[in-house]
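Letters A, B, C and D mark the chains as written, and numbering starts fresh at 1 in each.
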Amino acid sequence: MNPVNYLYLAAVLFAIGASGVLIRRNAIVVFMCVELMLNACNLSLVAFSRMHGNLDGQILAFFTMVVAAAEVVVGLAIIVTLFRSRHSASVDDASLMKL
Amino acid sequence: MNTENMIALLIAAPLLGAVVLLCGGRRLDRTGHWIGTLLAAASFVVGVVLFTDMLGRDAEDRTLSQHLFSWIPVEGFQADVAFQLDQLSMTFVLLITGVGTLIHLYSVGYMEHDERRRRFFGFLNLFLAAMLLLVLADNYLLLYVGWEGVGLASYLLIGFWQHKPSAATAAKKAFLVNRVGDMGLSIAILLMFTTFGTFAFGPVLSASAAGDTSEGKLTAIGLMLLLAACGKSAQVPLQSWLGDAMEGPTPVSALIHAATMVTAGVYLITRSGAIFNAAPDAQLAVVVVGAVTLLFGAIVGCAKDDIKKALAGSTMSQIGYMILATGLGPIGYVFAIMHLVTHGFFKAGLFLGAGSVMHGMNDEVDMRKYGGLRKYMPVTFATFGLGYLAIIGFPGLSGFWSKDKIIEAAFAQGGTEGWILGAVTLLGAALTAYYMTRVMLMTFFGEKRWQPDAEGNAPHPHESPKSMTIPMIVLAFGSVFAGGLFSLNESFAGWLEPVTAFEHGHPPISAGVIMTATITVMVLGIGLAYVQYGRRPVPVTAPRGSLLTRAARRDLLQDDLNHVVLVRGGEHLTRSLVYVDHTLVDGVVNGTAASVGGLSGRLRKLQNGFARSYAVSMFGGAAVLIAATLLMRAV
Amino acid sequence: MSFPLLTATAALPAIGAIATAAVPAARRTAAKWLALLVSLGTLGLAAAVLVRFEPGGDRYQLTESHAWIADFGVRYELGADGIGVALIGLTALLIPFIILAGWHDADPLETKSSRWRPTQGFFALILMVEVMVILSFAATDVFLFYIVFEAMLIPMYFLIGGFGDRAHAGSDENAATQRSYAAVKFLLYNLVGGLIMLAAVIGLYVVAGGFSLPEIAEARASGELTMATNTERLLFLGFFFAFAVKAPLWPLHTWLPNAMGESTAPVAVLITAVVDKVGTFAMLRFCLGLFPEASAWATPVVLTLALVSIVYGALLAVGQRDIKRLIAYASISHFGFIILGIFAMTSQGQSGATLYMVNHGLSTAALMLVAGFLISRRGSRLIADYGGVQKVAPVLAGTFLVGGLATLSLPGLAPFVSEFLVLVGTFARYPVAGIIATFGIVLAALYTLVLYQRTMTGPVKQEVSKMPDLRVRELAVVAPLIAALIFLGVYPKPVTDIVNPAVEHTMSDVQKTDPEPEVEAAK
Amino acid sequence: MSASAVHSLWTTAAEPVSRIDAPHIEYGQLSPILIVVGAGVLGILVEAFVARRARYHVQLFLSVVALAAAFAAVVGLAVTGHGSTKAGIVAMGAIAVDGPALFLQGTILLAGLVSLFTFAERRLDPVAHGKQVDSFVAQAGAPPGSKSEQAAVKAGFTTTEVFPLALFAVAGMLVFPAANDLLTLFIALEVFSLPLYLLCALARRKRLVSQEAAVKYFLLGAFSSAFLLFGIALLYGYAGTLSYAGIAEVVDGTVTSIDPALADTMGNDALLLIGAAMVLMGLLFKVGAVPFHMWTPDVYQGAPTPVTGFMAAATKVAAFGALLRLLYVVLPGLSWDWRPVLWGVAIITMLLGAIVAITQTDIKRLLAYSSIAHGGFILAGVIAMNEAGISSVLFYLLAYSFVTIGAFSVVTLVRDAGGEATHLSKWAGLGRRSPLVAAVFAVFLLAFAGIPLTSGFAGKFAVFKAAAEGGAGALVVVGVISSAIAAFFYIRVIVLMFFSEPRPEGPTVAVPSPLTMTTIGVGVAVTLVLGVAPQYFLDLANQASVFVR
C-alpha cells in the first residue's frame, strides 16, 4: 500500500485531535485529544522512517511515547488538583483570569 | 577738554539722574527732585557750551561726532554707539534740555504733594536721556533705541498715576500705537541694511542722495519712516493715543506730548530728507498725512471741553503743519523745524498754564466749569494769553513767523496741489484761532461756573507758586520773541541749511497777499469764537451739539473704529485661537492617545480567559503561518 | 591630555547631586546650601571654560575623546564651539538663581515619613538636569548627545510631576492630576520625539558608520561620505522632529504651557530657559551640521512653522488667563524667532539666534521668577486675582516690568539685540518672512503690557493689599539677572565675539554666504 | 544518539554482534548540562531520604552549588575557546557546543541562579505556626481551604520539590538552544516545559488562580508541542534526517548522496514549508509571539511570582536561542520564505503587546504584555539575518532577563493581607511610603522603556541597529513607534508610584532576606552596567555570534 496514505491518515488524526482540543470542554478529554495529535505525529514519523529506510523517525516515535507518558503524569496531576479544588474538570470554568 | 567728547555728557547727566533716582530708594525722597532738576540743568549747560563752541566754528565743520564703542559686531553687520552733533541735533538739544529743565522746575511745585515724586523725576530724567539719544544718534539703529526709550518714558509717565485705570489704559494704548509706528521704523532699517549694507546716517543719506538705488526702494523706506513718524507724532492714522495721553501729569503733557517727543517724527523725516527728496511719492504721502492731521486735530480741538484734550488736539494740528512742511522738501524743512521750536515754547507754556489752572481748581479739567479766572491767577493769565497769541499767529509773535512761512511754502508747492495745501493750511489757521479763542474765553473770561469737586469742597483759585510761574514766564518770553529772532534775515534758515538744505519757495501769489489772508482768517476765527462763547454765557453741561461736534468730541469716531476693528476683532481672534489650540492642536494628540487606549480596550477583550479560545487563536495562527509561508513561495 | 575641563564642569554637579540626595532628611537647609555651593562651583568651572576658550582658535576646543561603546561606534567625545560655550555659560549662570529662587519650593508641607526627602530630591534633580544639559552642549558625538538628550527627560519629569506649583486653581486632588498630566505630557512628547530621533540615529550609523560629528562633517565636506538625497532628508526629519518638540515649534508646542503652568516657577525657568535651548542648539549643530542639503530643502517649511509659532504664540499669550501659561506662550513665540534665525542661513540670523538663546534665557528667567515670587505671595496663578500690586510692592512691580520689557525686547535690553539680528538676518534673505516676524514685536508689547496692567496697576485688590515687597533673597535673584540683561543690551560684544566664529563655521557647513547689499555704500 | 549510528546497527544486525561500539560522548563539553541534571536527580533523592526539617537548606545549597558549578563550567568552556575556535558538535551530533550555545547557557544559568534565590525567599510571607514559609504551597495535593491544607500548613510542610523541578527546567533550557537535531530539540522542550507546568501550580496564596494558570499553560503547551512535533515529522519526511546539518544540506540542495526516497520527498516543498512553519509555531509559542501569546498574561499572573520571573527570563532566552539556531543553521536557505512571515509576526507582536498593556490593571499582567512586546523587539533582531543580528539578540536576552527577574522580585515585596498586592491601584504612592523600592522598580521600568543609560536602551539599540543593517528599516520604525506606546504605560506606573497620594489601606513593603536582596541588587547592577558600559558584554556577544553546522 502506498505509504503516503499513512501520512494522510496521520494528517486526519492530527486534525481530529486538534479540533477535539478546540471543541471539548473536559480537561481530560482535551488532553486525550492532544495525545491523539501526538500519536498522529508518531504515525507520520514511522511512515516517513519507512519511506526513507532509516530509523531516526522510529526512534523519535519512541521518545514521543515516553514524553507523552511524562505529560500524562504531569497533566493528570495538574488536572486532578484543579478538579479537587473546583469539583469540575471543565476548562471553561477555569477562567478567573481574563482581559 | 575736547568738545566732541562732551556729547556723551549730554546724555550721561540725565541718565545718571534716572539711575540714581530709580534705584536710590526712599532715602532720596526728600532731595530727589532737586537732583533730577540739577542734572537736567547740567545737561542744558553742556548743551549751551557745545552751542557756543559750534557758533565759534564756520558752517562746514560744525558737525561733531563721537564714537563710543562698537555695539553689535556681527559678520557683515556693524552697529556702533556713536553720536553726531550737527545744527539740527543742536537745535533739538537746546530745546529738549532747555524746556526740559524748565519743566523739571515747574514739576517741583506741581508734584509737591505726590509721594512718588522721586520716581516722577527719575522718569523725567530717563525721558531726557532717551530723547537726547534719539537726536544725537549717528545711525538709525541707535536712533531706534532712543525712539523706543522715549516711548517707554512716555508710557511710564502717562501711567504715572497707575491707580487710575484710565491712566494705565492710556499708557498701554500709547505704547502699543507707538509700537505700530516702531514696526515701520524697524522695517525701514531692515530695508536700509539690505539696500545699503549699513544704517549709519552718512552713507545711507549720501547714497540715496546720489541715487545709487531704485526710487521704489527709497519710496518704501520713506513710507516706513513716515509710519514711524505717524506713531510718534500722533499723525493720522496713529493719532488716537495722544488725546488719552493727557491722563498723565500736566508737566508730562507739556514736555513730552507737546514740546519734544511728539516732534520726533518731524526730526526723523527732516533727518532723512535725502531719502524723501529722492522719493516724491513718499513726500506726497507725508504732505497728505500732514494736511489731514492738521485739520483733524483742529476739528477735534474745537469740540473738546477738557482743556488738556483741547490743547492736545491743537498739538496734533500744529505737528500736522510741521509734517506737511517736511513733506514739501527743502523749501519746508527749515520752517518745519522753526515751527517746531516756537511751538515747543508756546505749547509748553500753554500746557503749563493749563496745569496751573488745574492746580488752582482742584484738578478740574472741564473748561465749562472754569470762567473768569483772569482776576484770580494773573500771571497764568498773562503767560497763557501770550502763548495764545503766539499760537494763533498774532502778527509779530513766534507762531506768526513760523506758521506764515509754512503757509507760503504750501502755496509755493505750485499747481493745484499748491492751492489745495495752501487752502488747507489757511483753514487750519482759522480753526486754530477759533478753538484757542474758545479755550481762552471759556477759561479766563465770562462769569464763574465753578463747581465743587467730588469731595464737595469748592475750588479756591489762586496763583501758583514761583517754581511754577517762573518757567511759564520764561516760556512766554520764548513764545513772544523766538519767531522774530529766527526770522531776522533768515538766521534760522542759514543756521540749518548745511544740514537740511534750504531753498526759497516761489508762491504763485505774493507773500504779502498770503500774509493778509492769514491774518484775515485768524480774525474770522476769533470773531466766530467770540460770538459763540464771548457774547452769551457758556452752559455748564455741554449742549448736544451738531453731528460734527459730537463726532469731534469722540475724536471723529476714529477711536471707536479702532476699538471695533482691532480690539474686538483681536479679542475674538485670540479667544478662537485659544480654543483651536486646546481642541485642535492638543486634541489631535490627545485624540490619538485616546484612540490607542480604546483600541487597547477592545483588543484586551480577546483575552477572555477561556483556554479553548486561546487554542483557537493558536490554531488560526498556525494556519495563517502555514498559509503565509506557502504563499511566499507561490509569489 | 590636558585637564578635562568640560567633563569636570559636568561632573561637579553630578557629584553634587548625589551628595545632596544623600543629605539626611532632617538637615534640609544643609542640602540647599550644598546644592547652591555646587552650582556656584559649576559656574566657576564654566567661567574657566569661557576663559580657556579662544574665539579665534579651532572650531572645537577643550576636546576630549575616550573609547566608550566601540560596538556602536560610540565614543565619549566632548568639544565646545562658541555656541556651545555660550550656552554652557548661560546654563551655569542660571542654575544658582534657579536654586536660590526655589529655596522654599520643596519644603515638605507636613512632615511625611522620615525617609521621604522632597527637598533633597528637588535640588539633586535640578543639578542632574544641569549635568545633562551641559553634556548635551558639549557632546560632539551624536550618540552621546542623544543619550543625554533623552536622559535629561527623567529628572525634568520628576521635577514637573513631583514638585508642582502650590499656587493652583482648584483642589489639591485636581492639582495633582493636572500636574501629573503635565508631567506625563512633557515626557511622552519628548520621548516620542527622542524615539523618532533614535530611528534616525540608527539610520545615521548605518549610513555613516560612526557618530563623531566632526568626522562626519569632515567626510561629507571632503565628499568621502555621500548620502542619497532621500536618506538624508529622512534622517534630517528624524532629528529635526525631536528638536522641534523640544524647542518647541508649532504645532508640537502644547506640552510647554502645561509643563510651565503646573511646575514651580524655577522649574518652569529650567524648562524654557535651559532645557529647551538644547533643542534649538541641536538644530544649529546637528541638523545643519550633519544634513546641510536637507536643511536647505526643508527651510521653507521650517520658516513657515517658525513664523506661525511667532504670531500664534504671541496671540495665544494675549488670550491667556494664567500668568505662567502666558509666559509659556510668549516663549513659544520667542522660540519661533530663534528657529527663524537659525534657518534664515545668514550669519546675522544665526548669531542673532544664538544670542537670542542666551538673552531669552535671561529675560524669561527674570520675568518668570518674579512672577513666581508674585504667585507665591497670593497663591494664585490667575491674572484676574491681581491688581494694584505696584502700589503695595513697588520693587516687585518694577522688576516685573523690566522683565516684561525685556520680553518685548525693548532696545537697550539684551533681547532687542538678538531679535533685531534675527530680523536683519531673515529679512536679508526672506523679506516677507522678516516683515511678518516684525508683527511679533507689536504683539509682544500687547501681551506684556496687558499682563502688567492687569496685575500691577489699577486700584489695589483687597487680597493683595497686605502683599510684602521683594525680600533680600528674591532681590538677590532678580537684580543680577536684570543687570545682565542691561549689560548685554548695551554691550553684547563679549558674547558676539565668542559666537561669531562658530557661526561662520556653520555657515560654511551649509555652504551659504550672506546676500550682498544692493549698494555697497561707503562704510 | 545520532541517526547514522543507529542506521549502521540496523544494517549490520544480521551478523552476530561481537561488540557494540559505545557512542562517543564529550563529557567535558556537556558538563554544564550534566551537572545540573545530576543535581536535579540528587534533589529527588534528597526529597526521598533527607529529613523534612533539613530539606530546604540541603536543596537550596545543592541547587545553588550546582548552578554555580555549571556556570563555572560554561565559563571554563568559553575561555578554553569552545565558544569560538574549538566550537563543535558533540554527543554524536545531538548537541552543538558553540558561541551562542555557551553564551545562552551562561545567561540561563545566571538567571536561574538569581531567581532560585527568590524561590528560597522565606521572610516575605508572615510566619505560619512558628515556621517561616516561602511562596510555594504547603502541600500541592491538598485542595485550597480544605482541612488537609490547614493541616499541612500547621505541620509546616513546604514544597521543597520546587528546587529539583527548577533544576530540571534549567537543564532542559540548557539543552534547548544547543540542540543540534530535531529530536533533541523536542525532548529539551518537554524537559523544561513539564517542570514549569508544575511550578505554576504551586502558589501558596491565590491557589485557584495558580492552578488555573498551570492548566492553561499545560494544555496550550502540549497543544503547541504537538504542532512542533508534527512539524518535525514533516521536516524529517522532507529531508530524511533529523540532524540540523543534514536538513540544511537538503534544503540548500548540497546533499551528497540522494537515494530515490529522498529524491521524491525532496521535490515536495510543501512538506518543507509546512513543517518549517509548524516548528516555528512551536518555538514562537514559547517565545510568546502574537498570535501564540495568549497563555502569557494568564500564566504570568497566576504562577507564583518567583516562578513567573524565572519563566519570563529563562524560557525566553532558551526559546530564542533555539529559534536562532533553527533559522540560522537549518533554514537559512529558506529565509526568503520565512523572513516575510516573521516580519509580520514581529510587527503585530510589538504593537499588540504594547497597545494591550496600556489598559492593564494588574502589575504582573502588565509585565506579561511588556514581555510580549519585548519578544517582538527581539524578533526584529532575529530577522536581521546577519552576525550583528545574532550578537544583538544574545545581548538583548542577557539584558532583558535580569531586568525581568529584578522587576518580578520587586513585585514579590509589595504585599497586603491577601499576599502580593498586584493590582496597580494598590501601588499608588509607593514612592512616598518606601522610596528605595519604588526607585529600584522605576529603574527596571525605565530599562523596559529603553531609556538611555539602562541596559534596555543598549539592547534595543543593538537590535534595531542590526535590523537596520539587515535592511529591515521598516521594522525599526514600527519598533520605535511601539516603544513610544510602551513608554506610556511604564510611565503610568511611575506616575502612580511617585505622584499620586498613598492609599491609607495601601500595601506594605516587606523587608526581604539577603536572598531576594541579592536578586534585586544583581538585577539593578546588571541593568546599569549594561546600560553605561556595555562594551565588554557586546564583545562577548560578538565573539559568540557564530553557529557551528
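In this text, contacts are C-beta pairs under 8 Å (C-beta built on N, C-alpha and C of every residue); 3 or more make two chains touch, one makes a residue touch a chain.
All of these numbers come straight from a predicted model, not from anything done at the bench.
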Between the pairs A-B and B-C, the one where more C-beta pairs touch: B-C
Chain closest to the middle, measuring from C-alpha centroids that were averaged per chain: C
Identity of the chain that, by mean CA position, is farthest from chain B: A
Between chain B and chain A, distance of the C-alpha-averaged centres to the nearest whole Å: 97
Where chain B and chain C are represented by their mean Cα positions, the distance between them in whole Å: 37
Separation of chain A from chain D, taking each centre as the mean of its C-alpha atoms, in whole Å: 24
Distance between the centres, which are taken as Cα means, of chain C and chain A, whole angstrom: 65
For chain D, residues that touch 2 or more chains besides their own: 215-216, 219, 223, 227, 297-298, 488
Touching two or more other chains - residues of chain A: 18, 21, 30, 91, 94-98
Set of chain B residues in contact with two or more other chains: 593, 604, 607, 609, 611, 615
In contact (per the touch rule at the top): chain pairs: A-B, A-D, B-C, B-D, C-D
Interfacial residue positions of chain B with respect to chain C in the complex: 22, 69-78, 81, 141, 144-145, 147-149, 152, 155, 159, 162-163, 165, 167-169, 171-172, 175-176, 179-180, 182-183, 186-187, 190-191, 193-198, 202-204, 206-207, 212-213, 217, 570, 573-575, 577-578, 581, 585-586, 589, 593
Chain C contact footprint on chain D (complex, rising order): 432-436, 446, 449, 451-453, 457-458, 461-462, 464-465, 468-469, 473, 476-477, 480-481, 483-484, 487-488, 491-492, 495, 498-501, 533-535, 538-539, 542
Touch list for chain D against partner chain B, complex: 215-216, 219-220, 223-224, 227, 269-270, 273-274, 276-278, 280-281, 285, 290-292, 294-295, 297-298, 336-338, 340-341, 344-345, 352, 355-360, 485, 488
For the chain A and chain D complex, residues of the former touching the latter: 7, 10, 14, 17-18, 21, 27, 30-31, 34, 37-38, 40-41, 44-45, 47-49, 51-57, 59-60, 63-64, 67, 70-71, 74-75, 77-79, 81-82, 84-86, 91, 94-98
Interface residues, chain B side, partner chain D - complex: 593, 596-597, 599-601, 603-604, 606-607, 609, 611, 613-615, 617-618, 620-622, 624-626, 628-630, 632-633
